[in-house]
Amino acid sequence: MLPLDLDALTGCLASSACLVTQTTSGFIIGMLLFLVAVGLTLIFGVLKVVNFSHGAFYMFGAYFAMTAYQFSGSFALAMLCGAAGTAILGLIFERVFMSRVYGADVLMQLLVCYAFVLIFDDVVRMIWGPEFKSMGMPAAFQVAPLFIAGGVVPPYYLLLIGVALAAAVILGLGLARTRIGKVIRAAAHNPGMVSALGINTGLIYGGVFALGGMLAGLAGALAAPVRSLTPGMGFSVLIESFIVTVIGGMGSILGALIGAILIGMIRSFGSLGFPLFTEGLMYLFMVIVLVSRPTGLFGKEVA
Amino acid sequence: MLEIRALSKSFGGVKATDNVTLNFADGSLTAVIGPNGAGKSTFFNLITGALKPDSGQILLNGVDLAGRTPPEIVRHGIGRAFQVASIFPSLTVQETMLAAVCADQRRASVLHRRFPLAETRDRAGHAMELLGLVSKRNRVAATLSHGDQKLLDIALALVLDPKVLLLDEPTAGMGTEERWRMIDKVRELWEKQKITVVFIEHDMDIVFKIAPEIVVLCYGRILVTGTPEAIRRNEAVIEAYLGTEHHAGAAV
Amino acid sequence: MTRTRKPGVSRRATLAMMGAGAVTFAAPWVARAQAKTIKVGMPTILSGRVAQLGTSSRNGVMLEIEKVNAAGGLAGRQIEMVIRDSKGQPQEAARVARELVNTDGCEILIDAEASSGAFAVHEVARDLGVLCLHTNSETSALTADPKQHIPNAFRTARQGVHDSIVGGSYAAAIAKAKGLKKWATCSPDYAYGRDTTGEYVTYLKRFAPDTEIISESWPKLFQPDYTEVVTKILQAKPQALYSCLWGGDLTSYIDQANIYALFSQMEVFAVNMADYTALTVVKNLPKGIHSGNRYIKTYPATPENAAWGDAYKAKYNEYPTNWSWENATAIMLLAEASKKANSADGKKIAEALRGLKIKSPFGADGTVTMRAEDQTLVGYAIGWGTTIPQEPYVPQVQAGDWKTIFELEAEWKKSKGYT
Amino acid sequence: MTELQAEQAAAVPQAEAGLQRSRYFDVLIALAAFAVLAILPMLTGSKALLDFVIRCSAFGLFATSLNLLVGYTGLVSFGHGMFFGLGAYGFGLIMQRTGVPVPVAFVATLVITTIIAAVIGAICVRLKEIYFAFVTLAFQMLIHSTILSWVSLTGGDQGLRGGIPRPAFFGIDLSNHVHLYIASCALLVIGLLLMRQIAQSPFGYTLRMIRDNANRASFVGIDVWRAKLTIFVLAALFASTGGIIMALFVSGAYPEFAYWTISGEGIFINMLGGVTTFLGPMVGTVLLLILNDTVTRLTEYYGIVLGIVILFFAIGLRKGLMDFVVEWYTQRRNGPGE
């Protein structure tokens, strides 16, 4: 029943060139996934909300970037528009809607997010039309791929990896070291205490949601040159990044990073060994992780 | 008779219960005291199956219950109430009692009949009467006062007709007057029901007033056991416990 | 009168509905009897990722309906289109199709569903006996498998196996000329992708026996990231690559393969490339991709076809898609069949449709035929050529030979146990 | 038990009289409902109305069974739809491949569902709260992936093609529209009656205890894991029945039946109708289907309309319709004094 191609898999594992290339591509896939997943995990970590509308922010980021690029021709401006636009969107979304359902049933939060997935998809369809679009690769990146340690890496993906790693480091250090980071962590663990100290938790929540939205939007903007844009494009991305955060542990940034790379590797090597069941492999892995460690690889045990 | 033999449990190297051996005679009333972190709650959790002991035996009338699951232990006759009233918020008092009796009669999985079962009524009513909850029987548990929730929690343990009843701080979070009412109730229950009662209590006045037997725990070990008089005179207890806790406790 | 759905109207109608509440809720069950006009129901996908399928199908239909109505409609009855969104869910497609017939009183169905939705509507047609024209499903089994056959269902779309025969013979010729022996495939992991690729490979090997497939990739439908697929193909170092990815997936794939410089390392055969949806969207279209024609107004290179493409562009401000011509053909056939039968009755039209040959801008020889034996469209323009990054995009198309197609198709049917 | 449920439940104290209401009363209501539904085809010639009721039966059974998990046991399953799909595929495959009589296929499908639900449930019910939701979702997607990949059995993404044969049995011919309608109504009414019995049985109260406080339930002597597994399997059976009705309705089975969106719709129906009353999900089903059918007729921007309706329920009412109605009614009856 499962179409196996174990020869291809073992053949690749035996060949160093193939091993390096597939590992590299697994890493690349993982880093792109991480960029989307990290916002999801951040929002869950602080707000305890599974942001089901995260994919919609990714979509808006891509559309904002494409529009800005069409008008200005500047790649940097496109990225900025993608990130800033979704950050504002995230802030409004959180302050006006999500903040009304904190403390309510988790299902109510999901419903609000689901409502916006539906609304956002239709809004995009109204504004940009139902047909798929492409932003196009800036000329600066239309160059031959590089060979790094035997692996093939397109320069554009180097940029993506750089941004993803920077996001990981900045978020990791920012949360651990800076004052704001400490306040955010405190708000995550004990919101009552933080507001008792006179800190506006609403501001923190709004800020974190804006940050999460911005990360999704940035991911969308960065993906726009290499992926087609359609209403509903955020969906498959949401599912994958959701798997990543569950495997890594909801709320853990390191977990999202490791989870993303693991999924990247499963995709990369799974496409060799199980070409027709790669997706199934990811869900299988998710089941195994959840059953053996419900809070994910790097999640904190909940009492 | 409940016999605890060489019961031990540690968490990451810290011995929360360290080689505890104790006997509770049938129909006895025993208070377990000790400073914060002495392992009182862990001790209860081990006996009721909430935690699995590392080693040792828990013999109820000769049957070893160590390492069994809470439902099994409850069915063998060890009931418990919790420090923070642990109830079913959306059920009424009566529903709670009826459902608990159902469970005790091994009818929790009955599908073909309607709730409540006629044969559960008497016992449920009896338990509510004992705890003085009859007038509140149609109240939803979440809307009860704190004291009534504690009573409901105890009723929930009592309705199962336990041989041994473990009460984790029955007076926790109550005002002085309410405490005395509660502890009188506990004593009354013990006298009426003729069951073994073990309770954890912080208030020394209460302990010395009503408990014929006292067990003092400290750092997971038994410091001393005995009558109130014996405990009161015991040097080690005074040093380890009364010196600090008694005044604090009395001040509440 | 034709009823087009203007978004402005429907939005207002929606608000009215929400205000009116329960009264309006009863509306679905009140059949609106309008004499004289004939209603044609069209379940299709108007939302989600393939909403373009629905919109361009609708455009293709409406363009022709106007002409037909101006010329008097179906046997004197004006056609009223009732177009509904199935959201791409088969059970919704079935539900909508049934509702169109049972409630709205549609006498004909244009099934503009894709994939499994078409099979769901097919079952409705079987159940209700209503005349049904499948316009978008290219899955061969829908008409080729005698188990599926019902007298009242027709297909006015391409058929996968036709494409594969032409594509395979075209590719074999190039393979022989350029010495392409090692091939890789990369197609979406669903029935259309698997069947079309399998058939393509069969015919490639038949015409060029010394070719071999050294690598297969099956990305998921709507997969956003093709990195592992691209590197897997690069790893295998084939001389040629076949793909039947389509739409947004194809453009994503091209964009991502581009930055790995894949197109400079092998000949690429992408059957769905030569459709304006993909051609106009890809910003950095590599030169010389071999592609089948989906719809381009320069092939067939006839004034009729060019005029049709321009009329469409003028009306909708975008180029037609493959779906557009397939749906337009359905209306053209309906109109002709109704004329021939001198009736708007579904059964009589069905009778007239069998074996009907009509003039068509999309025909290989200026005509297309509804083949009687399996009730599927034949004789449409089918060919392959290489792309350039600007208009006319595919300057020279090598036409497929329908005689060969028929021969091999018959053979294929036999091998499948369909005859 | 979520806070929301506690809050709502607390607001609606159940009178003792309600507790005592006998099952004969329920049977009476069910018979009356069935009688009304059964004479409907004689009153109206509208096939669409019958179609509507058939779909309500399929989704209603599914949504109500989901409420046994979500509302009664506090198990938020995001993967309940897999059993809906399993029912549709199981039944469709048995009918297509073996040609056994319909009742045999029906029972066989339920047996298969029981086995699969028991295996999946045994793994899933160990996990708590949101992690239970995640793992059920993962299983759902795994099953969906398997359906897509196992082309030789399931037909992959094209689904089970060629229609589901429905030979007549005991004079019932399910390929006849009215017969199918009556059969669906019967299954719906019987299914609801059985679920109502489960909800009002001692086991139903065991479930409520687990929802409210699983830890305490285990100290009352309840084997929580076993009870959760039992209700998981029972709920799966009714969901599977819903799937069978759907398969009969569309004469096929499609992978979308086993996709997470079906589970999502089930959750949505529950929230729409309300989770604290037994008939809430049924009301939600009717609401959602009316909404779906009406709005898709009027606009292709269905998502925006549905989204706004969801927001109205989630942020405006903050509860399902039946919850809202019941609360309003009790408040009115008790007067502002209480």
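Going in written order, the chains are labelled A, B, C and D, and every chain counts its residues from 1.
Please note the rule applied: a contact is a pair of C-beta atoms (placed from the backbone, for glycine too) under 8 Å apart; a residue touches a chain by one contact, two chains touch by 3 or more.
Nothing here was measured: the structure is a model prediction, and the numbers come from that model.
Graph distance from subunit B to subunit C, where chains that touch are one step apart, equals 2. Taking the mean Cα position of each chain as its centre, B sits at the greatest distance from subunit D.
The mean-CA centres of subunit B and subunit D are about 41 angstrom from one another, to the nearest whole unit.
Remark: subunit A and subunit B have CA centroids separated by 49 Å (rounded to whole angstrom). Distance from the subunit C centre to the subunit D centre is 37 Å, each centre being the mean of its Cα atoms.
Within subunit D, contacts with two or more other chains are made by residues 5, 301-303. Multi-chain contact residues of subunit A, defined as those touching 2 or more other chains: 121-122, 125-126, 276, 279.
A complete list of chain pairs in contact reads A-C, A-D, B-D, C-D.
By the touch criterion given at the top, residues 44, 46-49, 51-52, 55, 148, 151, 155-159, 161-163, 175, 246, 249-252, 254-257, 261, 290, 293-303, 305 of subunit D touch subunit C in their complex. Put simply, subunit D touches subunit A in their complex at residues 2-5, 70, 76, 123, 126-128, 130-131, 134-135, 138-139, 141-142, 145-146, 149-150, 152-153, 264, 267-268, 271, 301-304, 306-308, 310-311, 313-315, 318. The part of subunit A that touches subunit C in the complex is made up of residues 5, 8, 12, 17-18, 21-22, 24-26, 28-29, 32-33, 121-122, 125-126, 130-137, 141-142, 144-145, 152, 154-157, 223, 225-233, 235-237, 240, 267-268, 271-272, 275-276, 278-279.
Of all the residues in subunit C, the ones that touch subunit A in their complex are 7, 46-49, 51-52, 54-55, 189, 215-218, 220, 222-225, 227-232, 234-235, 247-249, 251-252, 255-256, 258-261, 277, 281-284, 318.
Partner subunit D is touched in their complex by these residues of subunit B: 48, 50, 69-71, 74-75, 79-80, 82, 86-92, 94-96, 98-100, 102-104, 107-117, 138-140, 142-143, 156-157, 160.
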